[in-house]
Amino acid sequence: MFTISIQTQDFDLSVESAKLRSRHRDVGALVSFVGVVRDMNDGAEVSSMTLEHYPGMTEKSLAEIVNEAAKRWRLIDATVIHRVGALLPTDQIVLVMVASAHRGDAFQGCEFIMDYLKTDAPFWKKETTPDGARWVDAKSADHHAQQRWSQIP
Amino acid sequence: MFTISIQTQDFDLSVESAKLRSRHRDVGALVSFVGVVRDMNDGAEVSSMTLEHYPGMTEKSLAEIVNEAAKRWRLIDATVIHRVGALLPTDQIVLVMVASAHRGDAFQGCEFIMDYLKTDAPFWKKETTPDGARWVDAKSADHHAQQRWSQIP
Amino acid sequence: MITLLFFASIREAIGHDRETIAFDGFSTVEELLNLLRARGESYRDALLPAKRWRVAVNQDMVDVTQALKAGDEVAIFPPVTGG
Amino acid sequence: MITLLFFASIREAIGHDRETIAFDGFSTVEELLNLLRARGESYRDALLPAKRWRVAVNQDMVDVTQALKAGDEVAIFPPVTGG
């Protein structure tokens, strides 16, 4: 039902939005998150980034996260695209697009999926900085962002 | 600084996203809301919709809402496009796109702008249904969605 | 002079979208609304206190207690439904 | 047999991304980790209890107390940083 893709090529927001809208005539709200490579991270200039992933588990993990979101909110459809391989600053990394009849469900569903993707989906970023390449450290802020969803009844 | 447009023509999510990303190399998160015409509303089939607005006040009101969001969260840039005139089911009505370094600010800023747009920006929808044309009633849910932001310290 | 603007269902109910009136016989929004209600049934129905309408003066939403001054642009419309 | 997969900084630290080992001398994830740590410094450093790493068995995140069985795919990696 939901669309999940791990790919090296870029994605097009308009194309993905048009697909979701053409499939359903009851969509009233479409919320999208796009993650973008920044030119600075943890105080250092970033000239490029490489994304590694665990093939198989990434798709499985993302499907579970989207299914859990669909249990909690009334989602009509959803698309998750995550790029892997080499990326440059201002490149798109990830798309989470959620379609619902109403905006509350779409906003909550999209943010929930992003928060769990950040802590549960097996991707790893390596950045190239003036001091060489380094693996990006997991952030405790991401852990806290994920944890707050378990406080919702 | 921010982009605000009232227009009859459609908008393109990818074009707007590329504009925001090309202007800033520090954008890490881009959250977009797109409102879409549904083929059903309040129990009746909707065959078309006309959007009326108050020229001048719409732009002023949207600018105030986006500026207030920029005071509350760290936004790098934002785009609001609202269409007016005749629209059909599955047509895009409104785009709110918010760019930030981090996703929390982008999600909150985008939802805040949408909630205030719904209650404060002078637009009115008229729907065509099998029983004729009717003005859409304002929803108390929208009033409540807006009110909750004033509870944040 | 005061410029009056009407939108959406209120515009349709009273049959026009704009007029200019002398700033005379009222000093607040509430008094202006009463003057309009006295014009007849279509105005009275559209602007009944029980009905839901909003007023903006010079493109800012205001309460009915708002004082007016010559040159003001006063817009009267139903609760907004955009987005 | 057990298939072991290593990702990201752990893969780099130990120098390879995959191996197959006999299901012998360990029965839980914790025991498997201890067996790997005994291989030498690079393993010990990468899998120190104080360091942060995660384990997935058959593509589900697990705790170190998880029991293993023949044919399992065990992946060891640092906390994820996608998105």
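Labels for the chains are A, B, C and D, by order of writing; each one numbers its residues from 1.
The rule is simple: contacts are C-beta pairs under 8 Å (C-beta built on N, C-alpha and C of every residue); 3 or more make two chains touch, one makes a residue touch a chain.
Predicted model, so just to flag it, every value in this text is computed and none were measured.
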Required steps from subunit A to subunit C (each step between touching chains, minimum): 2
Distance from the mean Cα position of subunit C to that of subunit B, given in whole angstrom: 26
Approximate Å spacing (C-alpha centroids) for the pair subunit B, subunit D: 48
Whole-Å gap separating subunit A and subunit B, where each centre is the average of the chain's CA atoms: 22
Interface hub residues of subunit C, defined as touching at least two other chains: none
Multi-chain contact residues (two or more partners), subunit B: 35, 114
Chains grouped in pairs wherever the two touch, ordered by label: A-B, A-D, B-C
Touching residues (chain side subunit C, partner subunit B) in the complex: 5, 7-9, 52, 56, 59-61, 75, 77-83
Complex interface listing, subunit B residues touching subunit A: 12-15, 17, 21-22, 25-40, 89-90, 92, 101, 103-104, 106-107, 110-111, 114, 145
Complex contact set, residues of subunit A against subunit D: 35, 51-54, 56-57, 60-61, 82, 93-94, 114, 117-126, 135-138
